[in-house]
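Notes follow once the structure below has been shown.
The letters A, B, C and D name the chains in turn, as written, and every chain counts its residues from 1.
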Amino acid sequence: MLTVRPSTFSDLVSIEKLANHNSAKISTLPQQRDKLSAKIDASTRSFAGDESMGGIEQFLFILENTETGEVLGTAGIDRSAGNGQPFYNYRRDELIHSSRQLQVNNHIPILYMTHELTGKTLFCSLTIAPEYRGTEFFGLLSRARLLFIGLFKERFDEDIIIEIQGVSDETGDCPFWDSLGRHFFDMDFATADHYSGVKSKTFIAELMPSHPIYVPLLSDAAQAAIGKPHPLAEQNCQLLHREGFRVGNHIDIFDGGPTLGAHVNDLNTVKSMHTKTVKVTESNGGGVKYLICNGDFSDFKCVVGHLTDGIGDVIRINHTLAKVLDVSEKERVTFAPL
Amino acid sequence: MMVIRPINKSDFADLCHLAKNTGFGVTSLPDNPNLLQTKIDKAEKAFAKKVDAPHAKYLFVLEDTDTSKVVGVCGIEAQVGLEDVWYNYRISTTVNASIELGVHNQTPTLYLTNDLTGCTEVCSLFLQSNYRKNSNGLLLSKSRFLFLADFPEMFSEKVFAEMRGYSDEQGQSPFWESLGKKFFTMEFSRADYLTGVEGKSFIAELMPKYPIYLPFLSEEAQKVVGHVHADTEPARAMLETEGFNFNGFIDIFDGGPAIEAFVNNIRVVRESFKRHAQVVKNPKVVTGGDSSLYLVSNRLFSDFRVALVPGASIRQDTIDIPVELAEQLKVCSGDVLRAVSLREMKR
Amino acid sequence: MLTVRPSTFSDLVSIEKLANHNSAKISTLPQQRDKLSAKIDASTRSFAGDESMGGIEQFLFILENTETGEVLGTAGIDRSAGNGQPFYNYRRDELIHSSRQLQVNNHIPILYMTHELTGKTLFCSLTIAPEYRGTEFFGLLSRARLLFIGLFKERFDEDIIIEIQGVSDETGDCPFWDSLGRHFFDMDFATADHYSGVKSKTFIAELMPSHPIYVPLLSDAAQAAIGKPHPLAEQNCQLLHREGFRVGNHIDIFDGGPTLGAHVNDLNTVKSMHTKTVKVTESNGGGVKYLICNGDFSDFKCVVGHLTDGIGDVIRINHTLAKVLDVSEKERVTFAPL
Amino acid sequence: MMVIRPINKSDFADLCHLAKNTGFGVTSLPDNPNLLQTKIDKAEKAFAKKVDAPHAKYLFVLEDTDTSKVVGVCGIEAQVGLEDVWYNYRISTTVNASIELGVHNQTPTLYLTNDLTGCTEVCSLFLQSNYRKNSNGLLLSKSRFLFLADFPEMFSEKVFAEMRGYSDEQGQSPFWESLGKKFFTMEFSRADYLTGVEGKSFIAELMPKYPIYLPFLSEEAQKVVGHVHADTEPARAMLETEGFNFNGFIDIFDGGPAIEAFVNNIRVVRESFKRHAQVVKNPKVVTGGDSSLYLVSNRLFSDFRVALVPGASIRQDTIDIPVELAEQLKVCSGDVLRAVSLREMKR
């Protein structure tokens, strides 16, 4: 059965393989073993409730085939975007350059560097094995995080954000980068993106231009790429949009990709989730598919399973499900429509 | 005989004729009779000291006294930007460096400034094409520096000249195409014309106020920053030999340079000397070429006159002035003149 | 009976008296007769559906005692903030100046000039005779506009904004202005505010500083005044907040007062309003107090009256109410709880 | 005898001793032995031409050859800002004007720039207090200009010096209190120290990047922009007589001026001349005071030496050098020296 659970150090090699797969380019998951290892360490401490994480918890979930032990995907939550450092975005704004005398009225879009999303809860590091893309397990992996946040709201910011990879071509060329960041970094997008994953963000303060950027001065391709998702990220965008995430005025400073945001209580999964008491039964039970998770913080588990929800407080699940979720009779599970 | 003198009302027709032939490179001499009339009025008031010195806008003409025709014009604004707002871009350097990443980048950056506010501008230079010979151009242009030397208290200690920027054969300015046009949504010629005839408040309204990183402009635009139009190369070279320097200020429309000098560093000012006039009937015969010519001013404010005399006229204590010239210069023997060699002396 | 209706030229003198009353200082209603006259003219054309207004309609309502003919208050709606010119605000943002090396992490609030509220629908020109402040008629006057917008949504922007007067003292001194605008305008707040009412906005482009403003460089009093309403505007703020307006990141460029905003469908009056068919009755009918208006665009009328709302489509109102609202049997009225 | 020469390893102890006494005004000479050792190492490499010319950081010492003690130090950085980032504020003018409202306001505005990147800096000047007499200060400071005159190809054509800004008796800098402190949240002395010992990336991280309108600073801060500390007045005056000018660049921390000159406009460079050495046993008896002193350099790069000789030693074709001095200067009769009067000649 495919299950979402916290990552552990024993997943390191599997995750590394996933991270280095070609299609992972659109993910924010780091590709270097030491960085991955640090990320798993931070996650382990975060799930353990380690107080020294001090509000910058970083959770990394994995999607595992419990029968084969295979790791099929990852999904992360950073409690606090920027992880204690400034979180950079461009904010889109517009100035009107207007002259009554000359009857000119020009709307000039401008990009301002901003840190205002710093500290919001960030969804990140989403990767899934290519053969599972487009399946219900993609939804499971991505949305399991929403159940987790819904269960433990007090541990997260009330605003959730997620950065969507921006437009780049097969060779990795990124028109927004080529027209903007490249002038100041003197390197291609892939290299800058790599540094962004592995270095402290000091270099962004050092290298990114600090003055506002007039959009009309960027190349046409760059202007067109502002706020546009990478084709490979469109499925995820669709899912997020259905979930209640909305495109705001923030874009990525490197590739111009959009940042989606939502108030936690406006998210469909959070609005529609219920918690009921378990009755373990033999039968498969029929019903419709739900996301189902246990209520355990450190040993969080989430799967797709069949349920029949009713009016009472009791819900029936079969043995297999109960075992995978690690819940017994009278314990409680949380579920939301798939 | 070629003589520099203040403009006056009777020059209106000649000035209109000149303005018709300037082309759009000379913003300050628009082909617009009303504006030209205003300019003449202002200049007359300036020479009559009827305006406060900082607000004075002087216009001088070059007259061919044989035909009584005005064939050239040049101007001085005592201090720019006191009524309207004077804009330039200043080229600055932004360094972005990360030791960790081994990156060290210099990015030229344009800042919109009003830094030349209060400085003296030499401007509006135009000489009729058939008179572009016999040092008339140098006489016309450099005569202004004698005026500055004679009346420094009426001017700022810094003087500058805006040079027409580069444009191609079709009259297109790559700098404008890449920057101004995107904010003004009009052709260069129209914007350029408007700065001459409307106030400048529309610049405050339409121009981008945040710094512009030069790499955002087209390569052609980047190349021409601080470069002058081919026709303006000689003027630039002339001013540079007089001690003017490019110090990073460019025109906000076409990227042409504003070159500047401290008045007391201008060669004409620095090397000029005062000497008594000696009116003579039969001047010494001139030998040698143009290079030995001297500018001579009569040092009168409202009746300012400048003309050229041969180097041989410069004596130990006096300057020989032929009778006919004395009349044009309005000087008698014993009057103190200011003189300077027209060209830099070889050392 | 106190009724809200469109202003007419015959109200000019009465409005002028109101506008020049001391307490009107916190209103955006102009005080000069020619400006007032132009405003009434624009309003008359806007209520008449004059197409030449071309999307920059300006509506001016008045509160009238229909028995005495006395004008007791005004309230305006500008279809399009800025009325075709740029609408200026400062937008509050924050940059984090952070150095890991030095363990410094400073949040620096910054004000950016913005025109992004240009074109949204603006509530303005609210004035009420002092003796009616604090009565239900204040709510009538202010909220009548919401019924109007709720009835004719397609004619307005979906975002409604309202600028609240910022902090100034009895002598008119304004700490935000004194620390910021004054340096560039070289005049006191009252004078600048006056020009803002009577001149085209060209002078703002000419005189306001164009670079972002670091808040820590402003005076303490100015910093404290950012986003704070004038004490006299607090009652109105309260009402607006109850209505669903929220403080955003925009403040007034002159006095630093807050700009409130809401999506039209999020406003309580709009959410709770109903339209039903009138049955005119003799009895006073009892019931509770409602805001009641007719559905007429050009002859809009709104009053406070008693109703008993039920399940059916018919609502009873008495003769007096019907007369004031100018509705007959079988016509429809719109109402929302007071 | 007082002689200027390149620093070397054996000067470490003396340099540490000097650094202890500089106070916090001299950022480039921090009281930190490790850093001083690094500085000596870098200087030795520079004089040995083991670094690329633009990256060279030269340190010279003033040695009292009678005691073999180093009593002063001064430095030249060939080109600043090539590895780290060199920051200044540049004072610019913003004009806000509305003809309609009759307003015309000039607002000084500070732009954070890196415009001095690539220029040569003269720096690290410090002279032990009991040696502040007998023209030792002038010898120490001006000897550097002879080095620039002898090896112009190793330096930028523009040279500048940063002058310590104003601070009050308690050592408080009003400029820092009103600006830097609000962004660095630390005391001036600490920030100043950090720029000397840490890299400058923290400036990129903490410093405000948008322009600062000067009226937002306290009145005290506005007043001291471009002003030097009282102790630095003589140094500023000295450099100004050498041809340095304030051109709007100030220190981002204390608002002190950076004053600048083109190398070939520096008086020492401009007036210096080359002449053959004539080693003499019995030098002419000196009459007259300090004012007739001349700086003399041996024009050797790695073994550079400068000392003072009386004006009487300057002959038509040669310069008299006493035997003892010749040994210190490492010159023989016939070697070509560079000389210049220590002070500007009266005209």
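One rule holds for everything that comes next: a contact is a pair of C-beta atoms (placed from the backbone, for glycine too) under 8 Å apart; a residue touches a chain by one contact, two chains touch by 3 or more.
Because the structure is a prediction, the values reported are computed rather than measured.
Relative to the C-alpha centre of chain C, the farthest chain centre belongs to D. Compared on C-beta pairs in contact, A-B and B-C come out with A-B as the pair having more.
Separation between the centroids of chain C and chain D, computed from CA atoms only, is 63 Å. Measuring from the averaged C-alpha position of chain B to that of chain C gives a distance of 55 Å.
One inter-chain figure worth recording: chain A and chain C are separated by 40 Å, centre to centre, where each centre is the mean of the chain's CA atoms.
Counting partners per residue, chain D has 85, 94, 96-98, 100, 201, 204-205, 210 as the residues that reach two or more other chains. Multi-chain contact residues of chain C (touching two or more other chains) are listed as 98-99, 101, 202, 205-206, 211-212. Interface of chain A with chain D (complex): residues 202, 205-206, 210-211. Chain C makes touch with chain D in their complex at residues 97-99, 101-102, 104, 106, 108, 110, 179, 183-187, 195, 199, 202-203, 206-209, 211-214, 216-218. On the chain B side of its complex with chain C, the touching residues are 85, 201, 204-205, 209-210. Within the complex formed with chain B, the residues of chain D that make contact are 81-86, 90, 92-100, 104, 106, 111, 113-115, 117, 199, 201, 204.
Interface of chain D with chain C (complex): residues 94, 96-98, 100-101, 103, 105, 107, 109, 179, 182-186, 194, 198, 201-202, 205-208, 210-213, 215-217.
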